[in-house]
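The following blocks contain the structures, represented as structure tokens.
There are two complexes below, and they share subunit A, which is joined by subunit B in the first and by subunit C in the second.
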Partner chain A sequence: MSDTAVPDVGNSDANAAAAAADAMAATLAGGADERLAYRGVFQRLFVRPEIGAIVGAAAIWAFFWAVSREFGTAGGMSSILDVSATLGIMAVAVSLLMIGGEFDLSSGAATGTFAIITILLVKDVGDLGGAGLSLWIAIPLSLLFALGLGWINGMMVERTGLPSFIVTLATFFVLRGFKLGFSKLIIDNLTVGRISEAQGRGYEFWEPIFATVWIRNEHQLEARDAIYTIGILGGLALLAFAVAELNFARRDKLNPGGLPIFGAGVAGVIAGILYMHNSDGVSANSIAAAIIGVAGLAAFVGFCMWRYERQEAGSLQLDASVSKLLAAGVIASVLAMAFAVVFDVDSQEPVLDLVGALRWPFVIAAGAYAAFRAFQKSAGDSNTQSQTLINVSSIAAASAFTMYAFMFMTTEQGLRSILFGVTMLAGLILLAIAAGNAGRNSPITRGLVLTVFSAVLVALAFFIRSQSASVKFRSELFSVLLVSALVFFVWAVCSTMFTQRRFQEAKADGFGTTLAQVGGAAIAVGIIIKLLFTTQAELDAGIARAGFRISILWFLGFSLFATWLLGRTKFGSWIFAVGGNKQAARQVGVPAARTKTQLFMIVSVAAWLVGLLLAFRLDTVQSVAGNGLEFEYIIAAVVGGTLLTGGYGSAFGAAIGAIIVAMTKQGIPSARWNSDWRFAFLGIILLTAVIANNFIKTKAEESR
Partner chain B sequence: MTEAQDLVGGEQPLLELDGIGKFYGNIIALQGITTEVRAGEVTCVLGDNGAGKSTFIKILAGVHKHDAGDFRLEGKPVDFNSPREALDAGIAAVYQDLAMVPLMSVWRNFFLGAEPTKGVFPVRWVDKPEAKRIAKEEMAKMGIDIRDTEQPVGTLSGGERQSVAIARAVYYGAKVLILDEPTSALGVKQSGVVLRYIVEAAKRGLGVIFITHNPAHAYPVGDRFLILNRGQSMGNFAKEEITQQELTQLMAGGAELEQLQHELEAAIAGK
Partner chain C sequence: MKNMRWLAMLLALVMVAAACGSDASTEDAATGDDDAAETADDSGDEAVEATQGGDLTFHMITHSDDGPFWSVLKRGAEAAAADVGVELVWQGSNNDAAVQAELIDAAVAAGSDGIAASLPNVDAVAPGLKAAVAAGIPVYTLNSGANDFQELGATTHVGQTEVIAGNGAGLRFNDAGATTILCGRQEPDNGALIERCDGLAETFNGTVISEFMDLDADQAAQEAAINAALAANPDIDGFMGVGPVITMSGLRAADALGRDLVIGGFDITPELLDAIEAGEVLFTVDQQQYLQGYIPVILMYLENTNSNTLGGGLPILTGPGFVTGDNATAVKELVAAGTR
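Entry: the complex of A and B
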């Protein structure tokens, strides 16, 4: 038997191990481990389970903002949040359960059940019998029912060992039957009402807790826009500094020479904003914008000079891959603008009429012929050139078919915006990829590509201002594009001038994270103030009423609680453990059955809360209320990054997922589309989200 | 090793087994097993497949009860009803399947089931910085080199996972550490790493029971060897009493192996 399999485990090795341990202890004291390569800011963000949901939410919001009138107004926001609140409370609870490795299909029906139970408990004893209890008794009593339902679900799953899918499907049908059956039996009606019959029996106390509405139009704050502007701009600036702090390598010794430049830049930005605020007219605005741009650049470069290590810019290396992508990106952007100019913006003509009903067969025929030719050619000789030809002609054929499909549905105006949007997006993505590739060549090459990117954004901004029929695009999108262009240009300059970090630095990480948190909070405060208050000018213009319900606060509170529970408590660790590897969790002493049962109880308590919110808001509840919503909860949780197989996910992600689902529910009608398409849209989002999440999860495991 | 032996070798054994037996109906799974585990020593349990190693661990770890013989922990007879009781008494088992949750971070796995908490009931939370610090420190003490305690256990190599499990058992004040075939699924280098941790654990005063079917892994680290074959003890030796060669022969059923050797030689000669 060979002895090579075993290293000599004598005293010398043991001593070596001890020495290594000492060295480790030394690094522990120092904080970060020097063997850990530093992962960039964006790379680190990328591996969070909820990042896909946040990006998705932003994209969907931007999409509906562009196509509908309500999105982007306080009223639109209130209705999105209103729908997300009840959906989100459930989605967050369901995501906890799913991380714990189980499903609850009865969760939707349960919301209606607890609303009905509560109403029946407080309803007057009359011809249509209720129990006539005080809310002070009815609310705890229905909570007990809720805890009981969760306990039963959990015990049945644990005791029988059956999949929770089956057990809770059964509970779902039982609840559904009970809701209908008891409603008819007790009050002989499918609509159960009314909770307001508890007037004088606690209604006055509980109603505000579950049904207060903040009417925006009744709250004026003239300083609102100033707070909003300061919050947004200050927050963005802090975020930008945070990114710099997390991305660049700190100098060993600070360079005070950067401070005056930084100070002058900040002063310039403030002056520019004040000038813009206090003057009117297009030329004054342009001057102010120019001042803000230059001063912003100076402020940022000054800040970086003060704190970060300079680097060699390197030589310009525009190799084939970069220059091709760069050219393609610029061409696509120009093409996009050309499309927008060529097509008529006001035309409501169906495209088919425009092209001429006779011409479309030729489009298809041309595409098909090209594909056929390419196929023929490739059969003869399979060199790269014919391969390229096949690719090109298949794309041509596919585009011809797609175009034809779109022509059925769209008007010339619609076709114009689709062509413009898709081509423009493609151009920007190509440029972004070019920037990524250029970064591998030299800093200056990336700087150049980013400058081109920024220039394209500026051109786009002015193009939209001159061409768009929509005021919203001409003002808001214009400014957003200009600000983004500035951000990218600043980034181009700074990433050329300063060295990227290669190692972890605990201090810089801490400071950067704090900056980012404060920045995020400032932006949030700005937006919330803008949403909650109105101004005299708006009232004079006759703005629509918008109300924010207290259910939004419940949603926020519950999401924060669940996030804390999952991330910071023992119970949270156990949730991940029972979902990830139940056997292992049991072996180390985690009470797996109890943890899962408690998760079922959390879901049913959430359903009870949502039930009360519904009952107080609607006063009467349909006996079918909530049925079928359980799949929306699951979709929201999955879109938020929760793994269907358990053991991975985030409560915060589920909350964002609920907002996404709510946006699609509200967005489609507000874009004046047929709301029958809603489910198709939801399905596509679910599929995209699952694919994206799987990808992120794989990346998360790799990049560690 | 020798230091540890000098320190604790003379005392009463941590764990004593005297004629332990286990029967499943008419099947004799284990009979007449006698050995001891001393603090700071490694007792290796060797046996081929089906020799009764698994039954042996399960008795020690409280999964099964023994049907015959005496099982004494620090001189007192014990009779465990559940793994939890064995764990509380200081006997920790690290199984082949490792009791780890792959998608959870190293520090969460390290503390799973016994997280250190802060705050007052009902508002209690896990002291995360403290937990991460302890996890890293404890593993450093064992000479285990974990880069980032936030990384998911699933991304660790087999040897690293074993070492996290060992460090965890040591940290939770185990007196006796049972390792079930920790090297069986590992490559040469990884096995070496795990063997080093075994020695390290013994040096810290634990009694280690190392179950394996590889004498080449057992001999260098072991102080005492119990050889099992078909549920019977083939002998219980201190290191001085046996060579690796003899150990290998005994384990494979001694005489049978010799016979096989003769047969093979005859076959080759006859060619």
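Entry: the complex of A and C
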């Protein structure tokens, strides 16, 4: 968390005010300060600029996981990360520049430029150029070129006062011309190679730094799945405790009565896991799962009893705002399952032609609309809940039609998936909204709605297990649904029993944040180990080769560096300041021109890094390399929550945005869809992301 | 301060102008020297024998960008001119249809003895070429224009049609025993590339999946997209890239997955030739652009001196020629010599 240095939202004036407030909070934070209202863990997460991107990334991944066979595999992940890495390094740098209020349209062409410069410097072609230098000289020299390009871009923007859009558009064309011109002039070819000609001149040293590939199939670790399971479960548990610590009010005095329950629960979970490990078969697994579920609930409730303040549960108030949405949610869920039963899962028969296709969703949408109008009339009001119902069902009908018509899912099987998926999702969303509304009535009301939500998830899990044609859904999705159901039920119980904290408390915040970080790290380690290593069993099954490139590490490192730069340094605050309001920033002593020039230099150095990654990876580079990719960088930054107008955004979000763009690129061939639709898909993702980010930003400003 | 700004901008302008100027002039000088040397040498030998041909002047007016592809074509035209002892005026328009149209008008006005033109943009150059035909000048089209040359009244067209090239590739894949081919395109909406895949599907006995696999400008993403498509469909046992860069991306993706594919490609790059030599790529389709320069000059010569016409109103195809493991080494030497 970077609360002290980075304001979450707002233009520079708001930033300055927020920074002052945060600084005050830091100085005052000796103990609990009751004057400072506490926004709660979810509200605090909600106003982060990157939250929309994270949720979006999870949704897109889940979507492609469901429709393709590659997304859940190590090979699929390696391809996604491979594309994300070079795109992401640039997107992160570009997001810093965009937060600083400028664009760099030369950034795409620059990646290829520095690759070509480096290769031409090491190439020995005689008279015209191709100096035949050692990489020890060529690499720093091309870095100098990169710094120079950034400096020129920055200086020209500052000195001419022209929009950076125009200035860097000009540098883009110049670079594009230089790439073509010099390639042809020096080696008379549009394919510039090879950097491996620098063998004996530093190639052996630099090649592993930029081009190492970790071949998964060559690294076995039989303990992999154990580490993975422990990492994920332990991490989730830590995250749960972190949420409790951040969300509930601590007792003045600990209640030892909770400890035995906690201990018994933990023992139960361990016993359940051991039982599952040592036994076999579906029924034994179900018994073990039930034991783990109940014990986990007990452990968590025991922990909370020991540590947190109890509260009055209040009385049950199922008013119209809750009951209507609750009923609609349950009905939609049941309807979804009915669709899945009625339509034949094995049928590849095209059920409807395109004209018919227009009819069906229309009939469904019209029917739903009429039903809700009638429902609304009988309730005798025209309040927001009815509006919510209509909105959710219209969106559901529209998405169903879109999928049907544009993704060519025109068989009975396809129609079944669409109707089931969309209706079920609509049902769950309605229930989630109901839970949100119920919280305003009383804790017990919310607890009840959350319990219903959890019950629907359990029903869904078993329904999918019995009905789905896909093994992936019957096993993995089943487990995920059951775990989510448990999480929601635990939350239902605990949010009913314990008091939500209303005030900041430095100790609890610090401890909770640490817990969350350790938990997140444990989950990450579990996933990384699972991705990097294979097992004998997998090899025996003939699993496809998968390799992870070192560029992913560069991407990770650069994203962390940029996040630190933006969040923890004075330079980071200057970036927000010059992007928000340059004049105001100048007046308070921020060196605006220098900051912007340095941002342009960061972008061109990132382009240099990406250029070297490309050169060592491909050995030969095309003179067109990188041309036109600058818009992908901007898209990734915007999808990641960076504002086009500057002054707001997140480097980490841009990294996630790059992963989203990479997933949309990889998802279409993975799902074996027609690639003609790829750009339409990218456009829809971009539009959705911008609308969602805008919505979040508005909400964030409201909550301040 | 304001003066400084103007000064800086002026300086920048001058520098850019200087850079462009020197770039262009050195290149012209370089190629110019070559031409001069070559024609001087050759005409020295031929001038004595060539009695009729020596008076003829042909114009080859194309959309050439002087890139590696066109420089081979140009060498073919120059070699033919030297072989038959005619004067050849080579004029490239760097993809600018208006410039090409002006050059054609000028050639007609100058009373050319034969005009060979490429037709990337028929509408722009059609009036000039029709005027040439009306003036009794032999007109040939080359490289692009297979569908339009008849309408213009050109004698014939020398080039490769995309569909026929794809047909040839399909037969090669049949021989190699492939059953399902991924035909990867490096542009989403380039009709010529789509035709190559369509041509492949016409003659290939199995299934052809024609998909856009990201741009040449983003080779990492191109490779990853092919990787995803291969992983998603275990039946794929062949890959055709409709350009040299995407062909190499396909090879890298197959290697990364450990899949053994039959790989074919289009056009020639040094790295693709290396891969063919090493047996990693089966073949590449070569449209033999040297012939597209050489043949029209010969045909114009024969039409002028002997009233011969070739082609019977149909195009003369220079491709598909194939570079395979059998001739890759020889082709490599010819590429170095600048004739392939």
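Assume the second predicted complex is superposed on the first by the 611 of 704 C-alpha atoms of A that agree within 3 Å, B and C clash if a C-alpha of one lies under 4 Å from a C-alpha of the other, contacts with A are read in each partner's own complex, and residues count from 1 in each chain.
Everything that follows uses one rule, which is that contacts are C-beta pairs under 8 Å (C-beta built on N, C-alpha and C of every residue); 3 or more make two chains touch, one makes a residue touch a chain.
Just so you know, these numbers come straight off a predicted model, no measurement behind them.
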- Message: Looking at A:570 after the superposition, I want to know if it touches subunit B, subunit C, both of them or none. Which is it: first, second, both, neither?
- Response: first
- Partner chain in contact with A:319 - subunit B first, subunit C second, else both or neither: neither
- Answer with first, second, both or neither: which of subunit B and subunit C does A:585 touch in the superposed model? first
- Message: Quick check on the superposed pair: does A:222 touch subunit B, subunit C, both, or neither? Answer first, second, both or neither.
- Response: neither
- Task: Residue by residue on subunit A, keep only those touching subunit B in one complex and subunit C in the other, then list them.
- Result: none
- Query: Okay, in this complex, where on subunit C does subunit A touch?
  - Reply: 4-5, 8-9, 12, 16, 20, 23, 26-27, 66-68, 71, 188, 211-221, 223-229, 231-233, 244-245, 256-259, 269-271
- Item | In the complex with subunit A, residue positions of subunit B that touch it | 1-2, 83-84, 87, 95, 97-104, 108, 111-115, 117, 124-126, 128, 133, 136-137, 140-143, 145, 147-148, 150-152, 154-155, 168, 188, 191-192, 195-196, 199-200, 203, 214-217, 219-221, 244-245, 248
- Item | Residues of subunit A touching subunit C in the complex | 68-70, 73, 75-76, 79-80, 82-83, 86-87, 108, 112, 156, 159-160, 174, 177, 181, 184-185, 188-191, 193-194, 217, 544-547, 614, 617-620, 622, 624-629, 662, 665-666, 669-672, 674-676, 678-679
- Residue ranges of subunit A touching subunit B (in the complex, touch as defined): 1-11, 13-14, 17-18, 20-21, 24-25, 28, 33, 35-36, 564, 568-570, 572-574, 576-577, 580-581, 583-585, 587-590, 647-648, 700-701, 704
